[in-house]
């Protein structure tokens, strides 16, 4: 896509007061490593314009054309980390199909066209003093910047990391470095079942005074948390996924139904989300 | 095109007497260098099956998909050299557009899918004892293996190499190494005009006893040679180009009109050619 | 200075680049200044609230996309109150796109939406005509003539008829739209297509079938643009698979007076401002004084040749 | 052992992979043993000698090609004498493809070509009908019915009607062909398209317009295959943009009983034997006993949804 390699300079806005908040920029690959057998960590050198991010936001990535893979649409990826000082932006992603397969071929020094930051991030409400993060799969990537934010805000944090097997557990060190208490559960250990987790979490509510849930990466865990939260009157948020085309809010591809006061609402995951109120998710 | 990277082994013919003569194979890039500002020399390690070639034949190349270029159809390229002993096949090509642009990105060790050898090569008739090669542009590539063949057959050879400027003259060393007398003419020198060349060639006919013309790469030179040849009763052949789809003879994309005893005939450049009788070309 | 303006009937656009309906919205203002565009074209609306189609609503095919968004609509009232005012801040004219179930409904709707701030109405006649067994209006000249004629009597706003590539009679449909009073044609909407996940056997769109857009559509929509530009006197606006300035040039050369950019904006949200800039540069490079100088300049060796021999 | 056979009416093919007309010829025997194919389908012939179209006859567009080869033909006599005997050496049945200017000419021609060695006739009704103002027969149900009915009376050979994606009424055309006695449908021929060289302003095909084939056509032809397979009882043969085994699976799942491979053979001349092999492997992997077990198994959550909502 040579077309998209040409980026419109912000100067196109010169003379108007309207400032763009979403940017299409080229970012250079700094490092690109396998984290385990399925996930890769991509660290980009990105301009400051796109680094004014919030945890839970995402970017829309133009995966390259390669001899093996020719993706067409962009691919949405949660921000794994962003650092304005270092000018760094990172994604932790699972190599799944055409797009991520093409992305996996990127080498340090090569360039990736990214659009963002996009969507509504997590909100740590003032009254949420003792958050619990429950993550599985890509959720371990999505919740990572939230852990950093909690640390900055001085909120003591507990994180439950779930995975199929211990080798697929990611970000646990990152969570720990944010001062989080990390609890890992896996399918192979038999510790990741809904029953087990429900007991575990109810225990944490009592022992730690958990008053907010944040989750991403598993519909099963989401339902479970909705149920526990409703029972204990606990608030929270969930980051969702949906197939996207534009990522900006124009095409209405990414809709999902949500529970709202005035009945069911159809909202765009890319625009009104990807983070939603825990109980609104249907 | 992952599809086409999978090659059917010849064993599919086991149990039948029909033997394939055209092969689709993966060839590995050995070297790939710029020859001048426009042309690159691509040397491939190729299996013996495709190295039973004749000068003037061509291959159909599946140029890779790259981030900048996504060619679809194959690209026809004359064989620049083939060497069964070394297992080598080479192409000398001009970086022109999408396909050759993609090809130019190939790196040593990478693989290129090739189909061939294709078409009818040059025929050095027994009575053609003193051939003259007249080449320009890509013709310098196409006529190279013919020079080698002439050397092997012990035919003293004269080659006129024409180019826009001296730096675009190619293959002259190769022609010389085949024992050819090499005459270079260029536009910048003002030596490449039809008038100049006509005089030059008529001189060679008298001084060297030239009795056959071989040409490729310029419609202007072709017309000139037809005219001189007709005047002197000299035979010869020309290699032609035409836009192709299949390269094998199935699609009838590559037709051109030819003069035949029974009137004009429409022939396929990929199948009945690319080498044709000099005077049949219309 | 190159003159980038182009006239679509009574409207003069400052350049020939505008978005295609359904691939553009207010949110794009967060990416670039929308006033760099020749016009703004809104997503098709219906009079009443509608839900649109089940997900998945999009999928990717070889170098193109399918969508079955449908026409989710918050209704005309909401649109006029919330969306039209947003565009009032811009110089670029606002073109709204409307859909309805019958020719009469189209006409009533056209009348209602003729509010200040709306510069033209694009008529999405690729939607099903419930009076013609659900066949889209744009499939046949008769229903097309009918719907445009009724709308023509109902509004003074310019009417742009958006044609469908699914018809086998595009020239007849184009001429019918012109005869009935359309001010311009847009060629074209998406082409009906389908994809199946070969692994699961499941259809890849919630709606089973959907519309093909993006580069794969270009040769088809370009052909329609060429056919229509030769068959009618009103301006034709090219649309389908445009993502590079070469694509824009192809459409202009084929006879389009302007172009709409759809799916390319999804691939690169800065496509439209880039195309405006590159078109200007390209005209300068060719020492052409204006966009007009390029329109319809296609060189087709043999005029007489038609579809006849192509198969 | 997986059963790869498939029945197209009275013909049993040893596997569902065959070439598409115009993209196959005797020369391919120099690449692989043609007997690995389910059938052989020859390039369309006309009764009289014909020249075909001016060059350039092909060009490449985004991930697909356009062709305006036309139907250069050395005439039926030459074909029957020189080409039919070539295929007699093979077990795979020979399907010839014919074209004519009127329904009656089609019928006479069908009678003449019914020689030993010809197993079926593919009817290329995408060619212009000079009795319908040059519109292709396959554009409308009426002319399709007419031409197939007349051919049906003229020959006992199986008749395969090859449909065009250019019609807006593919289901009606398919049903007309079936009602008139066609034994199978082929969906589909190329889609009318165009390309312009933006640098020179010249059309990129000698014939101005030409047919789109290759991957870009797949979502369109797959949709037609799905629509036709649901609308008729006779076998449907899928064709359009197939190059991978996943493409083959998609068509079979959509309801095709066999598939034709066209442009992919130009990109990789060994495509067809590769697909035969990979299809067998894939059925084994899925522990399916036969091709039949896959045909028409598409899972479309909601049967009731139709074209209605797609735009």
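Should a chain be cited, it is by its letter among A, B, C and D, assigned in written order, with residues numbered from 1 in that chain.
We adopt the following convention: a residue touches a chain if its C-beta (ideal position, glycine included) is under 8 Å from a C-beta of that chain, and two chains touch if they have at least 3 such contacts.
What you see is a predicted model; the values in this text were computed from it and never measured.
Looking at chain A and chain C, not one chain touches each of them. Between chain C and chain D, the least number of touching-chain steps is 1. Comparing the CA-atom centres of all chains against that of chain B, the greatest distance is found for A.
Per-pair tallies of C-beta contacts place C-D first.
Remark: chain B and chain C have CA centroids separated by 47 Å (rounded to whole angstrom). Spacing of chain A relative to chain B, judged by their CA centroids, is 56 angstrom.
Annotation: 35 Å between the Cα-based centres of chain B and chain D. Residue positions of chain D touching 2 or more other chains, listed in rising order: 61-64. Multi-chain contact residues of chain A, defined as those touching 2 or more other chains: 1-2, 70.
Chain contacts here close into one cycle, and each chain has exactly two touching partners.
Chain pairs recorded as touching, per the definition above, are A-B, A-C, B-D, C-D. Here chain B touches chain A in the complex through residues 1-2, 64-68, 70, going by the rule given at the top. Across the complex, chain C is touched by residues 53-54, 61-64, 66, 68, 70-71, 99, 124, 126-128, 134, 136, 139-140, 164, 166-169, 189-196, 198, 200-203, 206-212, 215-216, 218-220, 222-223, 226, 241, 246-247, 249-250, 253-254, 297-302, 305-311 of chain D.
Taken in their complex, chain D has these residues touching chain B: 22-25, 27-33, 35-36, 43, 51-52, 55-65, 67, 69, 72, 214, 243-244, 263-271, 273-274, 277-278. Put simply, chain B touches chain D in their complex at residues 1-4, 6-8, 12-13, 16, 18, 20-24, 62, 70-74, 98, 113, 115, 242-256, 266, 271.
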